[in-house]
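Have a look at the structure that comes next, please.
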Amino acid sequence: MKVACLRLALLAAVLALASATAGRAQEQGGRQAFEAKVVYCKTCHGLSGEGYRGYYPMPRLAGQQPKYLENQLRAFIERRRVNPVMFNVAHVLTPATLAALTAHFHNLNPPPLGGAPRDNVGLGRTIYEQGLPEANIAACSACHGPEAKGHEEIPRLAGQLYPYTVKSLTYWGRERGQGGVRDDTSAIMVVTTHNLDAAQISALAAYLAFLK
Amino acid sequence: MPIDARRTGGSRFGAAETLPPLAEGRRRAFHARSLLVVGAVGLTGAVTLGLAGFSSSAKAVPSFARQTGQPCATCHTAFPELTPMGRRFKLNGYTITGGTEPWEAPPIAAMVLPTFTKTKVQADTPPTNPDGYPIAHVNDNFIMQQASLFYGGKIFDNLGALAQGTYDKASQHTYLDNTDIRYTNTFNFGPLNALVGLNANNGPTVQDVWNTTPAWGFPYVAATLAPAFSPPLTQVENGWGGRTVGTGAYVFLNDMLYLEGAAYHNMSKGMLGTLGQTCPYNSDYIQNVNAWAAAAYPAVPGLPFPAWQPWSQNPQNYSLACSSSSLAYASPYWRVALEKNWGEHSLMIGAFGFYPEVLPGRVMGYGVDHYRDIGWDAQYQWINDVHAVTLKVTRISEMQNLEGTFAQGIATQFINAMGILNMYGVAPIPGNGPSNPINYLMSFKASGTYVWDRTISGSIGYFHVTGSHDYWQYGNALYNTFQTGAIYSNGNPSSAVGLPNSAGLIFDFAYMPFSKGGPELWPWANAKIGLSYTHYLSLYGGTANFDGNGIYYNGSSWRTHTATDNNTLFLYTWVAF
Amino acid sequence: MKTLRLAFLLWPALLAAASTLSFAEDRPPGPLPKPQLDAKIAYCKTCHGLSGQGFRGAYPMPRLAGQQPEYLEEQLRAFIERRRLHPLMQNVARALNPATLSAIAAHFKELNPKPLGGAPKDLIAAGKKIYEEGVPEKQIAPCASCHGPDARGDGAMPRLAGQLHDYTTQTLASWSKERGQDPLKPDSSAIMQPIAQGLTHEQAAAVAAYLGSLE
Amino acid sequence: MNAHTARSRIMKRTSAIVAVAVIAALAATPGQTQELPVRNCTWCHGPSAQGSGAAPRIAGQREQYLVSQLHAFHDRSRDNPASKQYMWGATARLSPEMARDFALYFSSLPAEAAEDGDTGLAALGKVIYEQGVPDANVVSCIVCHGPRGEGFEAIPRLGGMSHGYLKSRLEQWGQGYHASARPMPLVARTLSADEIEALASYLSFLK
């Protein structure tokens, strides 16, 4: 009992201090610590970064744009993007570790996890490549590129998990751009996510889920 | 066993005193031995008691392994000791499947049990019975103790059985050994889950699933050619197994509370014969009949049986001569147990009762003995991937209201005293009956078994028997000396002080090579190679010269009986397939 | 699901119909009501920047803020009529009726965010020179003569100030492949054609850098 | 003597009546398990499939998870000592159809929480479960197993499973058993003994 409380207190202390002190990873330094951190990420995000379907969908990180990843991790820390789990994960990362991690994941290229409904892949492709002007839905490809590989801060979408894309688009405004931060890039997507209906989101997410 | 032994022992009738005491001694030695085997130490329901003097055992039955697809170790720590799963397999009526179907491999299994027995000091006489194993020695006996054939498994649907047919080498006959037939079903009444079963078996506690009750208690195997002296046993221990039919019902509530009620009925002599349960006959009677009764009593019309015929030519003779006791009425048996399993632990506390109404020596007219056996037991098991520990403790207290035996004893004394010739050639009971009409007997057992990696087991057991003081029941050296005019060891339970009090330790080590799965060719095979040693701390209220008797050893040197003389080294190999 | 599938099947047909029919016929005349207009403008800004300042996506999305309405309207028509080839914008533009189009153009005209920037600064001086003096040896007139000294444009002449340098470079490089594609219906893009062709890559980059820095 | 005879008669009669009653009761129940021999499972997993001893609760477990585990036993990729001993044999002859039927049946049963962990450790377990220990590279369990430990598709339901089972699974992953069940071996490797204890405790109470 005592031991448990002590550990709990310690854990809480660690959590509180972590943002003020350098992360454990850096203190330990070295390749080994970094490798351990990579494995840690991959535990949830797939052993090749291909994503993983847990209770919550864990997004694909493989091939992701480093700048985007970095921005998102910062967004978690700054609570611009609300995700308690990723907040904890992100705030122990030192800038150097973070940069190395994003580079590592950018270089991975596993095949997509797949597993999306195939019925509406065609509609998804249309939305992605051309948008739905009548519905004020811009063509995704304009920013995310014809192959959905992303660019700088614009994320790669190809091969992203269907449920993750669906969830992200559906709850965009509730998760991202929080805390009144004005210059969060997520604002760009607000209108589009608002204009997409559930069927369109599903179609789009399905198309992206199979995209290599 | 003193009572039974007396009953079946030498007659005091007529020329009994002039008969060679050696024969009597043999007989008694044999009975004592069989009792040890059966009950006290007894293997499973083994059966036959003092009567026939054979013992048997059932173990990890390979057909169960085939039927369930499970290795022996799923149900057994060191077979036949059961794990919680083994208990549930049995409670479910042997109907769990998952392995081969009956039509692919019939639920038949076989077993052989070769043994080697060595006592610290050789017996006075070779352990055998008059028509039994012919080549037993006073010591160092190797014997293919028994061979068994099992039907073990599901019969159909929710009906299953374990039935064992055994050939016993020592007594050289084949009989129906442990048999347990069940029909089970499960019900849910709201939060209550009930496993309900109907059960038929052939001996009290044969149906029990814990290893604290006598039929399946420690030690699990014992020599049929055992030492001359062994402590007396309570009724529930000495095994009505094989000679009774028990029917009952049980319910196992919420995987925790076990309640059972059963009634045991006598088997007719005909049925006993059919099932191979030979009824020990009275040697005095046979000798009487063969030697002189025919001449002394020419055929007399109206006699219930032609006493003058050689006994072996008349089945009725045989039947009448059967000197084993029988159950006079349906005898109730009950059992309550609470088992709680948590994680790797299993704890059971329970109680059981058996109330045999015994007709001593099957002799009518003198009344019935009423027994009340109450047992308390507890068992703790800890089983994980590598280790298995089982601790067991059992205490059985028995009240003996020896109405029938006492009356027969008085009658026998009267007949002897008056020199009356009993026209049937049989005294009501041999001997004088008990000194007291009411006695008590208490049997305490505790044992612990440790099994490593499901393959190597070590056990230590302690047994302790106490009871009321009864000179005639437990032997009286002075009386023997006085009666016979010579000092013999008669091997009969003999106490210089008229007490049953005995104690001892049992050590057992065994190797079970196939517990985790048998050889490729026949993966269901099971084997146990074991060594056990029984050390007697005391026998019949004493340690040195406990029976007050002695013997001229090798015709010259004088020797008395010491408790430790009976210390027994026993080497056994169980092979089941 | 079924409707979705149906929509999907019908999609190519709709596209084909849209390209041959005038947009005005299947849409109500007049500008959209305010909420819908706002939605449409927000839609434009998804790509062209939340203040119309342009955006670098997979392609550079041009700045629309402060753009001349006449030019904007003309370009949107050019997309629709395939005089200017751009599959995405063709798709976007055909959903707009003239009144909406005007309203959008008017909206963007009023915006004046800072330039997105990002142009190489070392080219600005050379670009300014070309912008203001042209390239006489190649008979390239000063840009300022049409687009105005501050590059704000006028009427059909587009504003260039603050335009994304990469957009400008790309536009100049692909001018003849993208614009004036309907020989039966020549348009004002022909004016720029020789100029765009005459500029070397370096010169175009310099002008683009200069324009990208202009407010 | 007469008393005894009478008692014997009553006993015989009573036992006969009891026998008849029980047989009637047995015969009257619908054979709900005729086709699917669920007793082969409840034998060890408990009559209500709430788990018993080393055998985990399977009532209310995720259907897909149950199927996947039955296959893992069958192909012997789940090689924990207890799995090897009990489940390899039990599934050796299990057809995929029957595995599916068993999974469907048991997943439909109501689950009860074991509540057999250390209450004092549950709070710490909750922190680890929900947040992980990022400094020690311990991932949060909640992202896969859900806020109430309900699991997802083939990811097992953990809420209310017995402390002992959860503990031994985590320990055995750390020891290299059932290595194919990725990513759990990775997770288990990062957990300390105390953390495993705390997690298992917390989960045993989670409903």
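Letters A, B, C and D name the chains as they come in the text, with residue numbers starting at 1 for each one.
Operating definition for what follows: contacts are C-beta pairs under 8 Å (C-beta built on N, C-alpha and C of every residue); 3 or more make two chains touch, one makes a residue touch a chain.
Just so you know, these numbers come straight off a predicted model, no measurement behind them.
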| item | value |
| --- | --- |
| Most heavily contacting chain pair (counted by C-beta pairs in contact) | B-D |
| Nearest-to-centre chain - CA centroid comparison | D |
| Centroid spacing, where centroids are CA-atom means, of chain A and chain B in whole angstrom | 74 |
| Between chain A and chain C, centroid-to-centroid distance (C-alpha), Å | 33 |
| Whole-Å separation of chain centres (CA-atom averages), chain B against chain D | 40 |
| Chain centre separation (chain B, chain C; CA means) in Å | 105 |
| Contacts with 2+ other chains: residues of chain D | none |
| Pairwise touch network: line, ring, star, complete, or other | line |
| Interfacial residue positions of chain B with respect to chain D in the complex | 68-71, 73-74, 84-85, 88-89, 92, 95-100, 158, 183, 185-188, 193, 195-196, 198, 247-249, 254-255, 261-263, 328-330, 332, 341-344, 346, 357, 367-368, 383-386, 516 |
| Chain A residues within the chain D interface of the complex | 1, 3-5, 7-8, 11-12, 14-15, 18, 23-25, 36-37, 39-40, 42-44, 47, 52-56, 58, 84-85, 88-89, 91-92 |
| In the complex, chain A residues that touch chain C | 119-120, 122-123, 126, 130-131, 133-134, 136-139, 141-146, 151-152, 154, 187-189, 191-192, 195, 199, 203 |
| Of all residues in chain D, those that touch chain B in their complex | 1, 4-5, 7-8, 11-12, 15, 18-19, 22-23, 25-26, 29, 37, 39-40, 42-44, 46-48, 52-54, 81-82, 85-86, 89-90, 92-94, 116, 162-164 |
| Interfacial residue positions of chain D with respect to chain A in the complex | 118, 120-121, 123-124, 127-128, 130-140, 142-147, 150-153, 155, 182-183, 186-187, 190, 194, 198 |
